[in-house]
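Next up, some structures in structure tokens.
After this come two complexes, each holding chain A, first together with chain B and then together with chain C.
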Partner chain A sequence: MPIALFRVDERLIHGQVVVGWGKHLGVDRIAVIDDEVVASPWERDLYCLGVPSEVGVVFASVQDARHELAVWRADPRRIIVLVRDVETLARLAQHQLLDHEEINLGGIHFAPGRERLLPYLFLSPEECERLREVARSGAVITARDLPGTRPVTLDDLLPEE
Partner chain B sequence: MTRYPASVRARVLLRSFLIQGSWNYETLIGPGFAFTLLPALRYLHKQRGESGVPQAGGPDGATGETLEQAVARHVELFNSHPYFATVAVGAVAKMEADGTPPAIIERFKLALRGSLGSLGDRLVWSAWRPMTAIIGVVLFLAGAPWWAAVASFLIVYNSLHFAVRYLGLRMGARSGLDLGGVLREAPIQPVAERASQIACALIGLAVVLAVSVTENNPGRLAMAVVAVALGLALGSRTRKILTGLLWAAVAFALLLGLLGYGA
Partner chain C sequence: MSDGQIRGLVVAHGSVAPALVAAVRQISGCEEGALQAISNDGRGPDQLLETVREAAGEGPVLVFTDLSSGSCAFTARKVAAQRPATAVLSGVNLPLLLDFVFHRDLPLHPLVDRLVAKGRGEINGACIEEMVRADRALSR
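Moving on to the complex of A and B:
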């Protein structure tokens, strides 16, 4: 079964993901790919809090996830994969690992240096460039906060180079 | 928070009622969070200033952080369910007192904010509020005066609201970083499920009561049909059947009230 949702969202697990997407897609598992969270038991506990008991949660480092991705794609259970930022996404995308994968930009908040592209999406020029690289490696990137809203393609999102 | 005097704890609890007071799109309830935490930060700052002993981490500790700088860290983006936010405030107050490094506190708040929102949505918005509102509707349909129906809704609804704020603050303050494990044991999901079940049963009762008052009265029956259709249409926009039925019941009760039924 292909990955049900591959999402970049700095909040990782939260209501929009669990209720908005999880219920809509009928997912069985949520995978969080984050080097810091995977090494921190109290952080993992906190992220698990917001997940209903029938949905499983997996944590993986970027290194491990590069192997796990194939396993997840082959698994019959439906899975949401979450990364915190564009940097993590770009590291995963190396060697065309995300070729033909649909990537959902779900929520990156304001920080100094970032510009507002959508109400839920703020990106720095460097992050935009990284996203273009990921797209060139074969990934199909769109921005969309919830299943009910209209997706915005990367071409519409980023100004011409 | 156990290290804080009762007056500081009480002030934090009272301020938590205003946590959404400066809600905005950029930092959400961040400023409210800092406002709620402020009595605790002031207390710590004063204590450490007087003792003259520098402590690692925390406000005015070895880092020489001023009160203003400590507050500045907490006005940044934060979001949570407004009632459950006291859990985060309590835990952060404990960590500030323990001298936990600001970077860890920052990551703690980031990890917590989504989870508290999700817990609060499931318990309060999608279970407790529909259930308590339908209690009021049923009482009204059963012949209670309107003010008694409204009062019973407010009292039952806020009993949980106040309990979450008070117990949440205490739980957060006792657990600090271990909050995740402690919150998992809290009976939030069972209460939410039970409230949903009760709400469904009460909606059934409301329908029976509504039909019984429309007997031999085609005008009222038509109103009931319109109210149910309206409610379902409104509810389907929020994709929640329970909310839809609740709107239906409320609309019907309002129409009856306008026509003087039950007066």
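Moving on to the complex of A and C:
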């Protein structure tokens, strides 16, 4: 089963993911790929508190996820995969690991150095370039906060100057 | 600033928090410091965390959130995990907030138990037909 949603979202597990996408896609599991959260048992517990009991949660470091991705894709259960930032996505995408994978940019908020591209998406020039690299490695990237909104392609998001 | 009473923070999506706090003030006439509204609008996880931490200040705090699965609840739990005398209550509604402002002098744990019971007890449902039937039965 292909990954139901592969999302970049600073908030990781939160309402839009659990309610907006989770109900829409009928997911069985949510995978969080994040080195920091993996190393923090209490943060993992906090994230699990926000997930309905019928939905499983797995946590993986970037290194482990590079192996787990194939397992998740082969699993019949429907899964949402979450990373918090473009850097984590870019590390996962090395060696064409995300070739043909559809990547959803779901929520990156304002921070110094970032510019607003969409109401829910702020990116720095470095992050824009990293996304272009990920796209060149074969991933198909669109921005979309919720299932009911219009997806914006990376070409529309980051037109070549 | 602390008068020894528990302060409430309502941390919720969009305009939910300011609307709830405005309604509580309108109905109860409670002092401004009793309850503060924080919206997640336009705030990333780090900004929201910092805002809630700052608002919590010193003294006992009860953080009310809307969705138990949302980023507001996650942030509130993160603050509570690292701060003493902090409780989190999800699924906030107007009746329990009104009860809160009149019982801020209770200890934190019994207060949370009381408010959870109050909030749940105020959720009732009935189909129109049943209500009409009940009204007719009462008028006989």
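We adopt the following convention: the second predicted complex is superposed on the first by the 160 of 161 C-alpha atoms of A that agree within 3 Å, B and C clash if a C-alpha of one lies under 4 Å from a C-alpha of the other, contacts with A are read in each partner's own complex, and residues count from 1 in each chain.
Keep in mind that, in the parts below, contacts are C-beta pairs under 8 Å (C-beta built on N, C-alpha and C of every residue); 3 or more make two chains touch, one makes a residue touch a chain.
Note that this is a predicted model, so its numbers are computed, not measured.
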| item | value |
| --- | --- |
| Superposed partners chain B and chain C on chain A - clash or fit | clash |
| Touching partner for A:Val18 - first (chain B), second (chain C), both, neither | both |
| Which partner, chain B or chain C, touches more chain A residues | B |
| Touching partner for A:Ser53 - first (chain B), second (chain C), both, neither | first |
| Touched partner set for A:Trp42, first chain B, second chain C, both or neither | both |
| A:Phe110 touches, of chain B and chain C: first, second, both or neither? | both |
| Clash with chain C (superposed arrangement) - responsible stretch of chain B out of 45-53, 117-125 or 243-251 | 117-125 |
| Residues of chain A at both interfaces, chain B in one complex, chain C in the other | 10-11, 13-15, 18-19, 42-43, 46-47, 49-52, 109-110 |
| In the complex, chain C residues that touch chain A | 13, 42-47, 67-71, 73-74, 77-78, 81 |
| Touch list for chain A against partner chain C, complex | 10-11, 13-15, 18-19, 42-43, 46-47, 49-52, 108-111 |
| Interfacial residue positions of chain A with respect to chain B in the complex | 10-15, 17-19, 36-37, 40, 42-53, 109-110, 119 |
| Complex contact set, residues of chain B against chain A | 25-26, 77, 107-108, 110-119, 121, 177-181, 183-184, 189 |
